[in-house]
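To keep things clear, I will list the structure first and then write my remarks on it.
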Amino acid sequence: MEPVRHLGLVGLGRMGAGMRERLRRAGLTVTGYDRNPDVSDVASLEDLVAALPETGRAVWVMVPAGAITQGVVDELAELLSPGDVVVDGGNSRYTDDQLHAAALAKRGIGYVDVGVSGGVWGLENGYALMAGGDAAQVEALLPVFDALRPEGPRDESFVHAGEVGAGHYAKMVHNGIEYGVMQAYAEGYELLEAKDIVKNVPGTLRAWSRGTVIRSWLLDLLVKALDEDPALAAIDDWVDDSGEGRWTVDEAIENAVPLPVITAALFARFASRQPDSPALKAVAALRQQFGGHAVKPAGS
Amino acid sequence: MEPVRHLGLVGLGRMGAGMRERLRRAGLTVTGYDRNPDVSDVASLEDLVAALPETGRAVWVMVPAGAITQGVVDELAELLSPGDVVVDGGNSRYTDDQLHAAALAKRGIGYVDVGVSGGVWGLENGYALMAGGDAAQVEALLPVFDALRPEGPRDESFVHAGEVGAGHYAKMVHNGIEYGVMQAYAEGYELLEAKDIVKNVPGTLRAWSRGTVIRSWLLDLLVKALDEDPALAAIDDWVDDSGEGRWTVDEAIENAVPLPVITAALFARFASRQPDSPALKAVAALRQQFGGHAVKPAGS
Amino acid sequence: MEPVRHLGLVGLGRMGAGMRERLRRAGLTVTGYDRNPDVSDVASLEDLVAALPETGRAVWVMVPAGAITQGVVDELAELLSPGDVVVDGGNSRYTDDQLHAAALAKRGIGYVDVGVSGGVWGLENGYALMAGGDAAQVEALLPVFDALRPEGPRDESFVHAGEVGAGHYAKMVHNGIEYGVMQAYAEGYELLEAKDIVKNVPGTLRAWSRGTVIRSWLLDLLVKALDEDPALAAIDDWVDDSGEGRWTVDEAIENAVPLPVITAALFARFASRQPDSPALKAVAALRQQFGGHAVKPAGS
Amino acid sequence: MEPVRHLGLVGLGRMGAGMRERLRRAGLTVTGYDRNPDVSDVASLEDLVAALPETGRAVWVMVPAGAITQGVVDELAELLSPGDVVVDGGNSRYTDDQLHAAALAKRGIGYVDVGVSGGVWGLENGYALMAGGDAAQVEALLPVFDALRPEGPRDESFVHAGEVGAGHYAKMVHNGIEYGVMQAYAEGYELLEAKDIVKNVPGTLRAWSRGTVIRSWLLDLLVKALDEDPALAAIDDWVDDSGEGRWTVDEAIENAVPLPVITAALFARFASRQPDSPALKAVAALRQQFGGHAVKPAGS
């Protein structure tokens, strides 16, 4: 497969649009398609495929994981030809990658899964990339990967992690780690806030920015958040989760790997979303039964 | 020391009054003192000591742990004589026992610490007892222990667990286990409640009462609580903790013993009492910073 | 459907053989089939079906969950007639129940899933039973359930928990709770063992048998185990898990229910089986990197 | 108090020697004392004090926390004069700071506690500093702090965190966070290692160095460790803990702050050091009792 210098890109939401922009800045040709005609370069997937080179086409899918990604992959299976390659850069579960790759392989179409990290900062800073799939296909996509990733040595922001699925698997683990790291900082923040002798909590976190063992980009962001709202007074303690954390724990269970920290971080999010906890109601009821301990009436 | 058949009992609250009653039913003589003259047998600690035998006196202290227990022990140190024994049946920390025993020993007064389990059910069912201290003193108190404990073999509800402090240490661990066991049932209850195909949660717990691996008195009490309020609708998810759980985790830290389950149960109680979680606010703030994820406004 | 008084029973291992015996003691007719001719009443599944009444047959499957149960259910689908019912009393995952019920329903055959607790003690003490499925089919099986379960009120050892799958779901949660409760006792045991002032650890656990808040059958078993081996010197700290604990945590993830205690108990088992922990090697490596802290050479 | 430009420094171990060097490079005068005459500038603490200015002396103590720090502080209390200040830059517990400050205050001597982060990299990169104490004393020490800390804005590597003790409290929390963050990376590493489709684990971690949400200095160090030993084959999974992690959890207990992640990380270290787990032996024994599950013989 020839090096890819003209990429088809499906999905031009926040992430996709940023990636198109970054690729073009690097001199690559990108034809983008989105259901929203205001941002789309072409009118349809058919038009997108038609705009690409006749052979060795590469189409990067950047749409929500699950049914929507499935639909796009199914359509591309019809539109593409043997020797082309589909890249899934969304947040698909790695088991979906294995199904997609198998289905496309029957038609001679290649498949590479890419985990992408960088969030809203990726356009400026670059996106870190973890790829899974066939070595030749990954090799052909290097011009694209090099354009997307941050400045610096390739191996500090890109890896061919392994077989099909390994890219999303690596990204899933990345996000699981992210849960744990964020909760660790958050717990430290809470303990500082709880202690009377500590008078300057935002300043303490800021002072960890340089020279400490725990300096990190997430710490920088927490300092920034405290700059904007020093007591986080405007923010509710309600934390969503977007799937990768759950999958990480599912994989821990599947592989009998103990993940106490990452799992505790996930459970803290679950608990944050409960208006009240049935489990703790049961504990309160038990204490009342055996010890006559007072319970609080519901809603108090 | 002669077997104790006439006991001084300081503190006639819920527990102390029940114990006096149970001891008297068993034929022992009890002189009780309480600050509340309506329930007290004598007008003062001096009168209590004066009412006891001239030698080999035993005074059982059953008052709140900490400063109040300390005050009673200090007073008894002045009033008692060499060869007498003080029994602390409250919920003192075992390190306090060691201080009390050392202070009393200087005056020739013995000291036995007793962890008492049974709660409000103890008067009828009997109290389980864990004692720490000198073997001869523990031996002399056996008539008291036998009257207080439930029917059945002595070693199924009484133990001389070890040195001074070991009785309260054993009770502390008992309570730590209690935290973990209660939380385990509570988590299972919550998962059943969350699952649509399960239509009869209280009935499921009741069906575990006989023949199952997890049958227990705490399960019986949870069944009873669900009888009274099938969805625990009247009870808030606010759970206090009374100290022994915290001490158990402190001991885990001190002795480098991993206690993940008991500690998780304690932390669940801490979290249950927070109107909102500073840590989860910080996590929400971080997600907004790096991913542009929406946060909920405070108080929502 | 008529009340079932003649049951077909497939699988005569430890559990199945005990159940056949208990059912016969109660006066029911049981025709049992096992691949092992030494214990089987008939030579084949065909013979088993032929031995049952002509209508309203009930066949209880008591074989390992997964492929083996699947195979038996598939065979029974061919052999049974509309109006018959298959009962799965093994440890199937509740999602398998839903598939089995749907497949059998196409042929007019009913399906009831039953979670069974009691272990090796069930023959003598009776088995606790949690059923899922259609009310009329569950009703028809009551003679069987009543014969299997312990003495006492029916609702203290039997429940119709809900729809198909609810019986195994309830049993799965039962086992999840079991993990947490066992770990709670085990942690308390370890802390007592670690403390120098506690001289009689087995005696302390035995003294919790009556009158305490934490008295339970599992505690009785731990006391029994310590009777047989007071320091558990002959037992390795290697703990298997048989699936239901993992499924419980999977369900917690699926339903966003925080289960910190049950999950910690599961992870403790995973860790118990690791010859060494890659995660802790990584932590040791990190401490060496930033702090110059010594590491131990591998295998030390 | 005048700005400090001549510092007395007690303790010239790895950290103290590095700090002396860094201070001197910045143009400050340092008189160092160590029990080891090979590295010491003076022969005794008396000589050290004599070498300092006549008023407004500042002596930075950089010796092991606990009894040794206590001894040095006690000696300095005798040698210094009103208006002087003692700085404790070691890893003292914040409650010790409060005792030290009170004792020195009786003699008119000031006290500032400073948490120092940076480890073996501090000499080159600079040390991050968290100070607790009186504002005027902290102000006078700014020349010292500015020389020690990394390049860049002062508030990104230095904070006056609060009252006496707040500096070490902040450092304690820093270290607690460090436990959680390290364990999060380590768990992710282990899960990657366990997954067959992932072929390049060290490369995956390296690819997280730039552009990812979880980029950090600790990640860089883990990449470096894997460079040196790609499977960590030479390192045992035995992880020590140096106190601050335990104190962090103690503070969580004291202040009723749930710290599930940091505590899980601490317990993982405890477990890493156990040749076998009494708790898991008990769980294995229980499973054998109720289910007839096989146990492994000890030592297997």
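Order as written gives the chain letters A, B, C and D; numbering starts at 1 within each chain.
FYI, contacts are C-beta pairs under 8 Å (C-beta built on N, C-alpha and C of every residue); 3 or more make two chains touch, one makes a residue touch a chain.
Please read these numbers as outputs of a predicted model, since none were measured by experiment.
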Pair of chains joined by more contacts [C-beta pairs], A-B or A-D: A-D
Farthest chain relative to chain B (centres taken as mean CA coordinates): A
Mean-CA-position distance for chain B and chain A (Å): 48
Inter-centroid spacing, chain D versus chain B (mean Cα positions, whole Å): 38
Separation of chain A from chain D, taking each centre as the mean of its C-alpha atoms, in whole Å: 33
Residues of chain B touching at least two other chains: 119, 183, 185, 187, 190, 194, 213, 217-218, 252, 257-260, 264, 267-268, 271, 277, 279, 290-291
Residues of chain C touching chain D in the complex: 14, 119-121, 182-183, 185-187, 189-190, 193-194, 217-218, 221-222, 224-226, 229, 232-240, 242, 260, 264, 268-269, 271-272, 276-293, 295-300
Contacting residues of chain C [partner chain A, same complex]: 213, 241, 246, 249-250, 252-254, 256-260, 263-264, 266-268, 270-271, 273-274, 277, 279, 290-291
Residues of chain A defined as touching chain D within the complex: 94, 117-119, 122, 125-130, 132, 149-152, 155-166, 169-170, 173-174, 176-181, 183-185, 187-188, 190-192, 194-195, 197-200, 203-204, 206-219, 248, 251-252, 255, 257-262, 264-265, 267-268
